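Structures given as structure tokens follow.
Both of the next two complexes hold subunit A, though its partner changes from subunit B to subunit C.
Right after this comes the complex of A and B.
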């Protein structure tokens, strides 16, 4: 008890040195654990979601970009395909196609234009409010709602695709009708709307005042000054309409849910031709390859961390040793006062024990905090 | 007291039964009628358009949309009928566009051309949407609906499979009857108060010149003048009303030498009778030379 008291008193006296030792020790201990936790969490999240997504249809090119954008709503942007590709899957009768339009963002969250089938497919349930029903409505993922402090009755405004696209895409105000229950997946970080609403943001659909006026002779004149609506309301919703052939409307990707394994195999076979501008990717296979690569890099990182850790521990030991060397006159005085060798050893052990306890406690707090928010951090990491 | 308890129990049982039954939502009465013929008592047919409202232009409220979103099958007519479906979120897995198979045969109507800024000109081309008035097309719509019901409601597969041949046979028989009954009208122009009969005219070789009168309302003086001019131009002797007009309107048409007939396209649910019986009656009346 006395040894602990004296050790603590000394550590407090040399608080700056003690604080540095504790923080360095905590970091050495926590970083590998946090890295492992996040890596395992990412692997599990990636794998779980990929395995729950049978097939993804998209433009030929990087399958990784396609899967990351369609399954995890990441920034990776595959080339768009047309709705005709979705119709082809539907017409095949082999699978259910779920359209995805992920080109736009609002307040840093991805706007996912899709159909109601997506919610059934992912098992998403509403925590508050109601499901989207009309053009211009949206439901928020749990994290987005929490971060923005928004809920049913509020609204968000879509951001233009880029600052220089002033002509094509203009902001559309989306009415929030509900907030989804948290799932610990990228769905928590998304804003969901009908794919038709995404097409309105893209400028393919729009609403405006009466286009034509007829004079007394019945001659019809189109107005040159048409004002397009940027908010869809019950009063103007009937004026919204779409232009061009529906089969040409763009989609970022299509989630394909085959009726059975055989249907999936047949469908995959139809998109093998490299001349076909559309391809089918199997997320589980793509993600398995990605996870393998990540873990090869992680193994290297572990080795680096171990080497740095050993060096840091050695440095800490050296610090303590030098500290005790500097305290030699103090120890000599204690010996002359009658303290035995064992008492001095107890004093040193108590000091190390206190430092280690503090290191473990701080490292544990850090690791627990990361684990507690692991799903959110992983979802955010995957969405970036 | 006992009677009340029994009645309450019966109502509760009925409600529970209705809840258990799969729901087929339809955007117009012909499709609702087909769903009833195909599914019988085993399905609950949801046709939420209130009586007296035109299903082409009706707009559902949020509660109605929520109910439709929950249906196992949502039967669309296609050809631009019920524009609200293009502005509403509906699950594709449960949607069936019953006229998609013959979309190449849609009849285009007038178009309006305009432009938005630098986007260039584009047009809003209309499509005649009362497809079921060609009863062969109606039979194709019934087949499409049946296929979707079989796919989405496996428990009903046998029922639907058994009912489909009879339904198709009835519609094909109606098509044949219409062809025979209306053969005498070929080459003669018929006037109609509303442009609803494009497919009907094409299927049975009729010339139908349509106006844009409000269904069930007394026409204005200008509309009567327009009618007189059309009558003179075409030599028409028959005027088809979409809905029962005021008696005075019938008298005025009669005074102009026009035989008036109410021929409802039956987009909405009739107060009495069903699709087949009413259509048979209307076709017989139209084909009657007297």
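Right after this comes the complex of A and C.
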């Protein structure tokens, strides 16, 4: 008790040193645990979602980019394909094609233009509001809704794809009709809309919102009341239309859900030709390779962490030793006042016990916080 | 209080040897020990406190034969029966004045910190004029205040013998006088014996008896060990 009292008093007196020791110790302890937790969580999340996605159809090129973009809505941007590729799958009768257009963002979240089949395929359910029904409507993933504090009745505006792409991508205000229940997947970090709405953002479809008007003589003038973004309303929705051939409209990828294993095998065979600009990837295979690589790197990271940890613990030990050397006069006084033979040992043990308790408590709080929000962090990591 | 006969001590690595044919100090006496550096004054204090064990002879302090005590027993004896006051005050920087006074109870073998000890610490602090400085740490106290805290610390366990090693060496002349008065008054209240090593000959008239260590080491006759300062009874 007296040893604990003196140890605590000394630690409080040298609070800056104690704080640094505790924080360094907590980091040494927590970082490997947090890394392992996030790695295992990422592996699980990556694998689970990949295995739940039979096939992905996209432009030939990096299969990893294609899968990351189509399955996890990552920043990796595969070359677009055309709607004709989706139609080809429809026409084969071998699988259900689900279009994906993931080129745009709003408030840091990916806008995913798709069909209603996507929600059934992923088993996504609405927590509040209703499903998208009209052009210009959107439903939010749970994390996006929470982060932005938005819900049904609110709106978000798509971000310009390129600041200088003035004629191509004009921001569109999306009316939020619902918020999806949390799933702990990248769907929580996405804003879902109909693929046609994504094409409106892309400038393929548009309405005549008096931005440019023509008089009776056909003279064209730009409206002085030009808006900062397009808005689809009940008054102007009928004026929205699309230009060009429908089969040429762009898609980022198509999720392909085969009717059975045989159908999937047949479909995969149709896209093996390297001359074909479209390819089919199997997400489970791609992600398994990726996870293997990640864990090889993680093993190396563990070794580095161990070495750094040993060095840091040695530095902490040296700090404590030097601190005790500085307390030699106090120990000499204690001896003269009748201190027991093991008083120094007891004081050192008490000080180390208090420091270790604080280190473990802070590290545990950190790890528990990460574990409690693990799904969200993993979803965010995968979406970046 | 102190009874030493044919006391001899030599440091293991050689060099210095202390021989004390006879030394007797009565209970409640105030004795000054003077002498040049290197004559063994501090060694004598260490022997009296049980910090060092005599190689030969007999040494009894407060009724305890120190030569026959184990290390643990000598530590307990020191905690209960000896009060130390040092020239450099030797206060613990991370404890406030009140906790410094109680420090012997935190580290001393066989001492139990209870309400009575805390009350005694407060009363001592009040008597020494530092009752309003108890929450301050040593670095916020003057030299005189620090030595007052050290005196309270030496007295709080109600020791039989107070050993002061150059206790006023770091203080200005006015403070020296005040601190010595304080020490003697408090020691008298507790009927404690004071043995003080000092180089300050101006303070010697205040002691009951003065032991000149240089003379003690040169002479062998027991009666030659003590000198009585002028104006003071023997």
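Observations, loosely collected:
To be clear about the criterion, the second predicted complex is superposed on the first by the 363 of 384 C-alpha atoms of A that agree within 3 Å, B and C clash if a C-alpha of one lies under 4 Å from a C-alpha of the other, contacts with A are read in each partner's own complex, and residues count from 1 in each chain.
In the analysis below, a residue touches a chain if its C-beta (ideal position, glycine included) is under 8 Å from a C-beta of that chain, and two chains touch if they have at least 3 such contacts.
This is a predicted model, so every value here is computed, not measured.
In the three-chain model built by superposing on subunit A, subunit B fits alongside subunit C with no clash.
Within the superposed three-chain model, A:334 lies in touch with subunit C and out of touch with subunit B [touch as defined at top]. When the two structures are aligned on the shared chain, A:237 is found in touch with subunit B, with no touch to subunit C.
Counting the residues of subunit A that each partner touches, subunit B and subunit C differ, and the larger count belongs to B. In the superposed three-chain arrangement, the CA centre of subunit A forms the vertex of an angle with the CA centres of subunit B and subunit C, and that angle is 160 degrees when rounded to a multiple of 10.
Contact with neither subunit B nor subunit C is seen for A:261 once the two complexes are overlaid on the shared chain. Of the two partner chains placed by the overlay, neither subunit B nor subunit C lies in contact with A:16. After the two structures are overlaid on chain A, the closest C-alpha atoms of subunit B and subunit C sit 73 Å apart. In the superposition on chain A, the residues of subunit A contacted by subunit B and by subunit C do not overlap at all. Considering their complex, residues 90, 96-99, 115-117, 120, 130-135, 137, 167, 194, 196, 203, 206, 208, 211-212, 220, 222-223, 226, 228, 237-238, 240-244 of subunit A touch subunit B.
Interface residues of subunit B, counted against subunit A in their complex, comprise 59, 62, 65-66, 69, 83, 86-93, 112-119, 122, 124.
On the side of subunit A, the complex with subunit C involves touching residues 2, 5-6, 9-10, 12-14, 329-330, 332-341, 343. Residues of subunit C touching subunit A in their complex: 49, 51, 71-72, 75-80, 82, 84, 86, 90, 92-95, 99, 103-109, 111, 113, 137, 153.
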